[in-house]
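For reference, the structure is listed below as structure tokens.
A, B and C label the chains in the order they appear, each numbered from 1.
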């Protein structure tokens, strides 16, 4: 469908979503906040993973730093929430630039492993820092009323998606895509690959950090395990991949769909929820590795053979 | 004719009771699967058992009627974030009247914020860390005694042994509960003649204690106190054996009172000290179960494994709600909360009453594994049995 | 000084076991370009296999080890042949995700099958130890170390000197040429993954004897194996051995001199440093 139609639909969707806290049940609002935050994370990963082609397994570090920025600012220094967010963003961007420089020189799976290693290192370092409450974590002040968090998360997702939209139409974005397709050729053509990669990394760190800050304040509790959760990394990647990496709405769609299914399972048949996640990943990678968006597009042409073709393309 | 009339009357009475009975809803999110399921199951099963027994005895008296208790348990898969969401669900969607807690201080810390946020009383028997009760929350109560006091009776006992241990090694995992224990123990040990020569914090996920043990061995420490989780304590004891570390005494915050822990170690469990806020003795009388010993036997028959203080404390939680509801004569959350703060009754778990912060205060009984059996050694009233001290070397057992 | 010596001995013994853990991961990574995030879960299954043979049939764990290896080999073969082979030419990143999915599924199924209770494999000689130049050496750790060395050597011999081993290496280097020589890649890939799983199974058996088993030990062990694989280098099994020993010693020394809560900081910190500075590993050939 035309882009302007998609945009109009999105606008209506956002307006609708914004009203949810007033008519939805508390559980729906809860689910909504979680889904919005996950969608933001998936979308922020999209910038470095989907557009630039650098599959980062370390976005949870930015998320965690955002959370800790807020927690430390509010608990240890009594500063207000927005200041905490700013600190969290500062930490995340600083980390992205400082560690991005050496790590973004690595290719493909080495980059993935390095970011995975970084996530583990940060978990271990923070669990030793007294100011962060070591492994016990920090308890944030309690705020009654989820409306605030819902609207904040929604605004965050909208801003992140707008950023991705801007990227997809800008020279910066074309540069990123060029890096993804063939980095050496891109460099030869004059793209400053190092600068672009660092900028992409820093940009996604901002959104992930804010998401982490909001989540920490909402849950009122933060510890290294949940802040830098490795499984969270994989969740956001799966949602982005499932929805369609390198597209504007793909990650959002993937996040909402997967969250919804997971939440329904968790409420009804709690034990199945975790294994569901694993099976979805396996099935999705085998049958639709290019994501939901691609599935929708190509299904019209090939029908059920779409799945077969995917397998044939990638198997031995 | 008379029989028919009788039958009709019985039917009407039955109908009337069914129509007016609105069960009191209790909700809990417990670790039934996941890495804490090993201890989490005590809570799930004990809550269930208590509710059944109370309902069988007629339920809870509110106003003129007796209401049954209804229990909804969700599995949080040992995931703190999920347990928080589940408690919100229980309160807002399932509209439970009151909340029962999960296991582990980390979980209680996060989940109690929900109870406070929605003004629904929560009684939990799974978290002992000081942090839970130092936030000024009004809606959280706990039936585990304060973490910082866990080793108090052990330290007392150590002062009475001959010859008393002179040097102490304090090891603790870095989670909320164990850090609280260590902080309290350090303070209390400084009031004794013991000298802490090793004071090490270790990672909750650790399985390798060789370095710490080698350090302890090189310092010839007399006594070792370990605040950690069952899996860590198990590893610690086994590695102490393989590295031939022979303190005069060692004591652990968890593990020793659990039957399957002792079974896993077999002979190697001997001489280990532990503590329990509960022993299944016939002296602890209970309104619903008779006494603690009967409870333990019935529990084992029903669920296939022996209960320990986790299970007993969970039963106490349910009973505390019953007592509070009956005392307030209402299910209004604010009234019940105030009533909980004032309860004072005896149960199979011991005397249940909460201090101003909401925490129970029960003395820990020092126990020791002697020839495969768990023996209470030292209680609030003094020596109960002779401890086997000092611990013979591994090669001499 | 005495203490340091003991720590070093601890570290070396631990390192041997670490090396064995990483060996299967490295084989699969080097040959198939598959980064197996479920590797730790396979180790966990190997530990359980040995546990049930030990408690159910009364077999000595070292006797049960080959059986555990065979069981894990079959599992690995099936996984590769019928699932992983389907995505093997996809971007390598897909294998990361799919093996993560496997890890979740395997862990969950293990918890259903074996319950979350922790288990130990406790043969009668589990506590035995002897003195070596002033350090106490636990017998089981020494045996585990010996087995790890033997398997590392065995793998090397297998890859260098047997027909199948050479076929595996050939397929890794040049698939088309190998095909021309009549190699059936589907079967060979499955074989390789199976061997990797078998090695994980062996590591699991030994791990179960020196530590305790529960369904959740997988992810931590995968992380460790990663660190060792990267630090040592992916080219030869002897590099993995060096990586394992290095990590074992570093961890033991860190625990003593800096603090036991810092071992992960050091292990993963070195992992990241090595990746940044020398991605082929401390010993590997520069690309």
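Following the convention adopted for this analysis, a contact is a pair of C-beta atoms (placed from the backbone, for glycine too) under 8 Å apart; a residue touches a chain by one contact, two chains touch by 3 or more.
Everything numeric in this text was worked out from a predicted model, so none of it was measured.
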Between B-C and A-C, the pair with more C-beta contacts: A-C
Measuring centre to centre with C-alpha atoms, which chain is farthest from subunit C? B
In whole angstrom, how far does the Cα centroid of subunit A sit from the Cα centroid of subunit B? 39
Separation of mean Cα positions, subunit C and subunit A [Å, integer]: 31
Would you mind pulling out the distance in Å between where the CA atoms of subunit B average out and where those of subunit C do? 38
Two or more other chains in contact with one residue: find those residues in subunit C. 259, 261, 264
Which positions in subunit B touch two or more other chains at once? 33, 174, 201, 203
Which subunit A residues sit where two or more other chains touch them? 127, 134-135, 274
Under the touch definition given earlier, write down the residues of subunit A that touch subunit C in their complex. 55, 57, 102-103, 105-106, 108-110, 112-114, 116-118, 120-121, 123-125, 127-128, 134-135, 230, 234, 237-238, 241, 274-275, 277-282, 285-286, 289, 311, 313-316
Can you name the residues of subunit C that touch subunit A in the complex? 33, 35, 83, 85-94, 96-98, 100-105, 108-109, 185-186, 189, 219, 223, 226-227, 230, 259, 261-262, 264-265, 268-269, 271-272, 275-276, 279
Subunit C residues touching subunit B in their complex are 2-3, 6-7, 10, 14, 111, 115-120, 122, 126-129, 136, 138-141, 211-212, 214-217, 220, 251-252, 255-256, 259-261, 263-264
In the complex, the residues of subunit B that touch subunit C are 33-38, 174, 200-203, 205-208, 210-212, 214-215, 217-218, 230-231, 234-235, 238-239, 241-244, 260, 264-266, 268, 394
In their shared complex, subunit B is touched by residues of subunit A numbered 25-27, 30, 34, 127, 134-137, 139, 142, 144, 219-221, 223, 226, 266-267, 270-271, 273-274
